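See the structures that follow.
Two complexes are shown next, each including chain A; its partner changes from chain B in the first to chain C in the second.
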Partner chain A sequence: MSLWVDKYRPRSLDGLNHSKHLTSVLQSIAHQPRDLPHLLLYGPNGSGKKTRCMALLESIFGQGVYKMKIDVRQFVTPSNRKLDLNVVSSAYHLEITPSDMGINDRIVIQQLLKEVAQMEQVDFQESQDGLAHRYKCVVINEADSLTRDAQAALRRTMEKYSRNVRLIMLCDSVSSIISPIKSRCFMVRCPAPHNDETVNILNHVASKEKVQVESDEVLKIIAQESEGNLRKALLMLESMALCNEMQLKKSTPVIKPDWESVILKLAAKIQKEKSVGCLVECRAVLYDLLAHCIPARTILQELTFALLRNSSSDKAKIAILQTSSNFDERLSLGNKPIYHLEGFVARAMCSM
Partner chain B sequence: MDYKVHNCASIGESFLFGGFEGEKESVKEAGNEGANNGDLEFISGSGKVVRLRKRVYSPTEKYRGSLWHEDENYGININALLDNIESDSGSSGHHQDTKIAKPYNNELWVEKWRPRKFIDLVGNEKTNRRVLRWLRQWSPAVFQESLPQPLYENEYDPLQRPAKKVLLLHGPPGVGKTSVAHVIAKQAGYSVTELNASDERGGWQVRDKILNTLFNHTFNQSPVCLVADEIDGTLESGFIKVLIDVVNADTRATRKIGVPKKDKKNKDKLLLRPIIAVCNNLYAPALEKLKPLCEIVPFKRPSDFSLNERLDTICKVEGVKVNSKSLKDLIDLSQGDVRSCVNNLQFWATGASPQSSSSSMDTDPMGKDFSSSWYGLVNSIFQKDPHRDPRDQLSSLSQKIEMNGNYDRIVQGCHSIFPRVKYSDNGVAKPSQIADWTYFHDLMDKSLYQHNGELMRYCACVPLQFALMFGDIANKEDIMIKNSQYEFNELRKFITDITNWIAYQTLKRSPAVQIFTSRQSLIFETLPYLDEMISADVSKCKNLHVKQVIYDGLAELLNFYQLNMVTRNHDSLEGKKILTIDPPLDQIVLLDKKRKQEVVSKRPGSLNFLLAKFEENKARKRHADQAIGKREKEGEARVKRSKTAMASGNTIDFFKTQYGISEPSKLDTEASTPRHQEDEIRIWVRYKEGFSDAVRKNVSWSSLWS
Partner chain C sequence: MVKNKPPSIQRSLSELSSRISSISPSKRISQEWEECSSQNDVNGPWYVRYAPRKLEEVAIHKKKLQDVCQILETMLKSSFHGINDGPRILLMTGPSGCSKSTVIYKLAEELVPKYRGSGFQMLRSERKESHVVEFVETDNFQDFLVEAKYRRGPNLSVILVEDLPNIFHADTRDSFQKSLLQWLYLPEVGLPPLVICITECALGSENPQGFGVDHNFTAESLLGREILSHPKLVRIKFNPINATLMKKHLRLNCEENRKLLVRNGKWSSKDSVIDQLASKTGDIRSAISNLQYWATSSVDVPLDTREESLTYFHTIGKILHGSHECDDNEMINQLTLDSKSHVANDNFRLGLLENYNLVNGGQILLSNVCEIVDSLSQSDSMGTNLECIEFAMRKVRSQLASVTKKHASQKASFPREWKIRQLQLEFQVDCEDYANVDFYKYNQVRTKRDLQLYFAHYGPLIRSRRNYKRNSLNYYIENLNPNLQSAVANRNTDVLQLEPDIDRLDRIGGPIKSIEEQRDVVTNDDSDVWTKISLQQLKQKRDFKLSRLLALQRENETDEEMEDLAEPIVDSEVEDDGDSSLYDLLSQRHPEINESLSDSDLEDL
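Up next, the complex of A and B:
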């Protein structure tokens, strides 16, 4: 197998091991598979949206949903350009990721959904109550990055073709989903696991992988550091185990991704020195971060939290928050993140 | 003298200064004369019999003093040609005299004074010669002439064509690339077929058009030379693809020249006509694939002197009186653009009333918004002149900025150098203030995509704000503007490409696993930690069992993510090669300088260890394979005895493949696993693979069923 994250990923609803009440909701949905509503799963990164989605599909259609293949589909844009897109699909569902198609997502969604909707899915294998499921599921990853056009295109399609197609959309936050879509979906919030739950999962994995854990303390630290991101927690556990000869002690240093530690250092630098020279250094770091595909908003967010943690007075904290929210708006309105990030750094230097 | 002309004409079928019908006749005469001399005789591509006369070197004291060297004349008697030109220019002089009589006709001077002969060209003589030289190298293939020795460059081509079949001219607009291509092609005896941006060049039509011009025989006397103008547009990819196909087909055909033809399906045709391509920007993405196939000739702006000379001639003939100073200004302003020079000159001549042409000509309105470069502009924003009225200074600056129009570039430049200029400030108050203005710029600039750029005009005030806040008398020196935006974009593209590649590879291998990880979390979480795991230092580990477990885990990971270990040159070490992961994972995830150092200092060691371990595992596996192979050989003798078993095995095999019970590839892996039941009686099956039973090998009975 591969990484522990993937290795110990639950594949059925019974295997899900945090947020029990949510699991029971999903189970009740799976119990009456003919009435599967359009679903909108939302929740923070690493809280198990996709895992839940696949587990739900598994409980409806059986193991076949994990037998996936990739097709290259071709789409033609209105300007006669040809788009090649990889579509992952099984016999029961198919997946699309809007970020693969850029601004042409409307065309892709329209064509793909219509194609699916036109085909009647016939199931010869009798299920328990003798009814055949006749719809196909379309999973839309990162639904919040769908353009407005594409979402508008979905509205009618969702109702018109609901006989043959059911949508499952996954997104981090619902704020960029238009309300007509929200009202047509059954919204399921996937919360991040509690620290205790994370520790339990980590314990389970560690014992399976024969990692010697000195005390639960270190797992608690990992859970704390992962900030409710289960994927991150498991990756952290694995890399720490591999780097420390499969033994975890209380004193084992927590491994962080490089970009995070760079942002922490940046925050420290901003607070230590307030000069133009420092600003130039910060600019180089910011450019580097952006070039490594770290989104500007993530940088701003991490930087803000780091600054808040380091600053002592309440007044300074309020000032930082104010500036941060101000520049967050600019980031989302503008096109040139480097100006705004640097502006934030300069403003933060002034306000402290 | 007369004899010389004949001689030259019969050697080169290509008439320099073609279009002289009278001389064409003389070729035949010359040929007939020489027939009885026992000279060489062969048939040209158009079916004409051409006789070649052995060159008789007659003493040429007459031209000994001239500048022409023997190796520069491309096999043509230049001296005779020079005489020819002299007499010719005498006649064309008359022609021009008649033109003076009506100075204001409605023909554009640019067209009228387009160079028609090689000596008319104003540009760099050396470049022009390079073009001519390349074109002359086609002569053996096109005209069946022989060339003097130094022109042979490509000894491998049986047709003696130049090594690169396409000539690519590039340079700024107006320096005469198209003119050079036309003139030289004409001089070398070709008729020019031009394809430019005004022609339909997308899709399939263009393919027919090109193939028609290149491969079909025409009724014209002279062969065709294809001039493809302005090929660096974005819509030209179809056109360029055809060019590439033609050249590639030619290389294939060239390789087969000696080989007798077997099948008639072969469509590859020899390219027997030169292709000249012209573009402005050599680095346009569309040209990426064409470039390696081209002989690339850069065009520089012509020297001011030669341009001046040319303009002088024009002025004289057209009867315009311009003093040399304003002519010089014109040349300065045009920055080497010959076309715009001539255009402006005509404007002066036609539009200008007598008094303006006599007075010192004010070139300012003439300068078609000769925008100062954004680079200079950015620097001038920060340089305050103490002797000028600040108001006046600001307004002139604003005018310049608006004229330039490249607001985004200017603001970017300002933003990148403002921390390095001198200004008075309290802490970082001013940089934090300017952030509001850059935000304003961002919003206005974005209107380009939303409101058709209506708000773009407000962009001009942002650089002015920079000037107000950061302009200082102390800034005198120009500061180099580093184009960090470009580097940033390149790096970003590189990293996105690698991540996409990794994502795609893993998705292809096991979609059921990869779908759970989005691209975002791949960059954020998975790859950084993966990198961390791979670089784990296990060498100090005492417990051998744990060590083995870790190595096995790592091997699986590397295999899953399709990562290889390769030796590679690292930037920071000259010439020294180190072991790294390919694709370069470390370049995606590592940002910290210290950690980056580790890639060079620490990691190769642990990676080496890992690699050694892998090799060891592989060797062990191979050893096991060999042992099995030996055993199989022993078994072979036994198999030969029992032929009936073989036959039955074949039928079983047939059914098995029919029903997909066993895959042939499985057999190899099966063989490597050590077998346990050695004491049992073994049945051997002959396994035949492929349609014609080309591969035969013996396989054990048990492995067939497992």
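Up next, the complex of A and C:
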């Protein structure tokens, strides 16, 4: 285990360390593994959806779920194009991420599910009720980025093959999941950890790794900055600890992801200098953020929040929010994000 | 009765046939024909009949002529003296009818004899006294160049490539470019001057994507970046012939045909027609044939000159700066009609976005700019059909119309979008590489989004710190006594686990900075080539690392299996006892199974 995020990731249900009530729900599910429903875990990024999913699988199938391998699977699209896709799988489950397959997700999901469903899982493992759970789990990461098409295809497949396949879907928000799927799933909300929960976890990791923490203040700052994202918080903790000889003081600078600091700087610049020249410089920065594959929507969101934080009058805030939502819509309609990002910056300059 | 008589055009059949021959693909024929016709034939088109006989008569700007002359002369000189000096390829680009090839023919006539070595002419050319050897479409280009190498010394001539092989076929284009590159890198000295004439034009096509040879017939899309940026290639851009020169030449033509004009009663109105032609077109060939048509027909005919085709930057400039000739509405109508290949393309919108700040040296009101970008954004969210782009064009023009121009504008730049796409692809390959390491070495599955947002930055940052620590720790361990060494190593497995040649130590995709503007035109081919090369390298690196990771994993697995092996075999033995009768049956049928079983049994016992 290299990074602390991975090293201290709980691997079983007993180890889960925040949102206690949720853990008990999962334990009750794992208690009767035969009746595992389709699951839909939703909650913000870094709130432990995947960790919980894997812990649940571990409690049902045993340690074997962590023995994973990557297979290259080939799919053929209706237009006869061949598509190679890496599928991560263990003996008991397989994982797919829609963003890997782009617009072909419908075909991939259908073919994959059918394949899994057609094979009866024979399990000779000793368990309390004889030949146990004859199903394989399919974990769909980022289920909210599934196209409508794929979701519609999924709803029939879910019912048809529910004898042999159980789906576990993970997503940030359920708003883009169609209701037929929501109704077929057992929805589990994974809340982000509270700040004091984050601090506790950080404290635990720091003491294990022999990081000298001067006071809890610095951990609180990290918790604050991570905005409930435990992954980000732990990565911050580790990079800060390593950059400061394993000593954390109150004054230790927080290391944010570089793109976030770039966006903050951008926002400050937009507010300070409202000119055409500045707009052109902003375009260069926006382009590089896009070149680093930072999603355009994330850029827009971060930029909006940064501008809101800096602006004082209510009127300006409302104007920023309005333009932001406007350009958010255009982002999803259009196909070149740079127009809309620059359009937002220009409008924001004008309205402030 | 007389009124009803249709207007007759005074041209004979023979004239028509001669026209046809001059349009035929191989120019050489027309050239030969021109030579024999210059004395007595009177029926040819005027632009052939009155083609310049001397260098001074060529319609070209003096300075441009000087440039071409100078370069051609240095090329001939280096061939004559057998030195490897100066350019090897002269590239002339420009619209049609701006005297590109005529200049070369006439210059060659003057210059080649000066540098032609004395001696027996080994290679006989088809025409006497030929100073120019021209490539014909039907030949193999590579063979042509090989042969052309020997056109030196007493056989010295200018090698002219005006007909091109079928460059619309990607492979042919590839081999064409390759042979040109070979020519540029030939180790031999004293090569004859190679001149390439490219008539640039936009080719209309349905639903064009990007910027490639299928839509834009330009030097960039034809030859590619590598050739164009080669130091041994000189490019001279020709402009359409200006009005003054054009008028002079048209007037000369009229003088020659005074009789005919007087007979048709057109002598008096010739000046206005010449003015009209000169203002409308910069294509001398088209202007002269128009003049001839007007002069030879017995009634008044409308003048209909060739449409001007514009370059990509020119079209963008028209939208940004407006046009002096007509009002904005008319100009945009014209553009959407004539330059569809530029305009009906997402690249065009990107170009507007990239360059709007050039108007008036960047001195525009922010509110105007805001409207401009807003309209582009709206237009993008509507789609890529022509109407959406026209909407953006009109809006941009109307916003910029109010700007009073005081400052000079700078050179336009090409959209950066293609560069970004390339960087994104590289980033993705990099990410895959990182994910491979995390999976095979640390057994962690990463989703793309987490990689992009967090691990791309933190992962390498943390590992580079650890690497630093590891180096110092290794040094420390070496200086310890052997007993302590393993203890210290055990305490720091996290740090020592790191391998600098496998783990990523620098930010994936490089640090975030601003992306520079793109000055030159990027064609599809160019970007394809870059993408291929850099992506291939990255992919190779990734695959190499992957194979190493896989090998490592296999080692680990075999270790584990060795440990595991003992138990399952014991298990199976227990089952064996239960089903011994079945196994007896099986062993009777297949004795080899029995053998293999006994083998493993023996080992275990």
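Here is the rule we use: the second predicted complex is superposed on the first by the 350 of 352 C-alpha atoms of A that agree within 3 Å, B and C clash if a C-alpha of one lies under 4 Å from a C-alpha of the other, contacts with A are read in each partner's own complex, and residues count from 1 in each chain.
One rule holds for everything that comes next: a residue touches a chain if its C-beta (ideal position, glycine included) is under 8 Å from a C-beta of that chain, and two chains touch if they have at least 3 such contacts.
Just so you know, these numbers come straight off a predicted model, no measurement behind them.
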When the two structures are overlaid on chain A, which partner does A:E95 contact: first (chain B), second (chain C), both, or neither?
-> both
For A:T51, decide between first (touching chain B), second (touching chain C), both and neither.
-> first
Would you sort A:M352 into first (chain B), second (chain C), both or neither based on which partner it touches?
-> neither
Touch check for A:E142: first (chain B), second (chain C), both, or neither?
-> both
Tell me which partner A:Y287 touches in the superposition: chain B (first), chain C (second), both or neither.
-> both
Touched partner set for A:A152, first chain B, second chain C, both or neither = neither
Going through chain A, the residues touched by chain B and also by chain C turn out to be 1-3, 6, 45, 66, 68, 70, 88, 95, 97, 99, 141-142, 231-232, 235-236, 238-239, 242-243, 255, 257-259, 262, 274-277, 279-280, 283, 285, 287-295, 298, 330, 333-336, 338-340, 342-343, 346-347, 349-350
Touching chain A in the complex: which residues of chain C?
-> 346, 349-350, 353, 357, 362, 364, 366-367, 369-370, 373-374, 376-382, 384, 416-417, 419-420, 423-424, 427-428, 431, 439, 441-445, 447-450, 452-459, 461-463, 465-466, 469, 494, 497-498, 503, 507-509, 511-517
Which chain A residues qualify as touching chain C in the complex?
-> 1-3, 6-7, 45, 66, 68, 70, 88, 95, 97, 99-100, 141-142, 231-232, 235-236, 238-239, 242-243, 255, 257-259, 262, 274-277, 279-281, 283-285, 287-295, 298, 327, 329-330, 333-336, 338-340, 342-343, 346-347, 349-350
Show which residues of chain B lie in contact with chain A when the two form their complex.
-> 415, 419-420, 425, 427-429, 431-432, 434-436, 438-439, 441-443, 445-446, 484, 488, 491-492, 495-496, 499, 504, 507-508, 510-513, 515-521, 523-526, 528-530, 532-533, 536-538, 541, 543, 546, 549-550, 553-554, 556-557, 560-561, 588-592, 595
Enumerate the contact residues on chain A facing chain B in the complex.
-> 1-3, 5-6, 9, 45-46, 50-51, 54, 66-70, 86, 88, 95, 97, 99, 141-142, 210, 229, 231-232, 235-236, 238-239, 242-243, 245-246, 255, 257-259, 261-262, 265, 274-277, 279-280, 283, 285, 287-295, 298, 330, 333-336, 338-340, 342-344, 346-347, 349-350
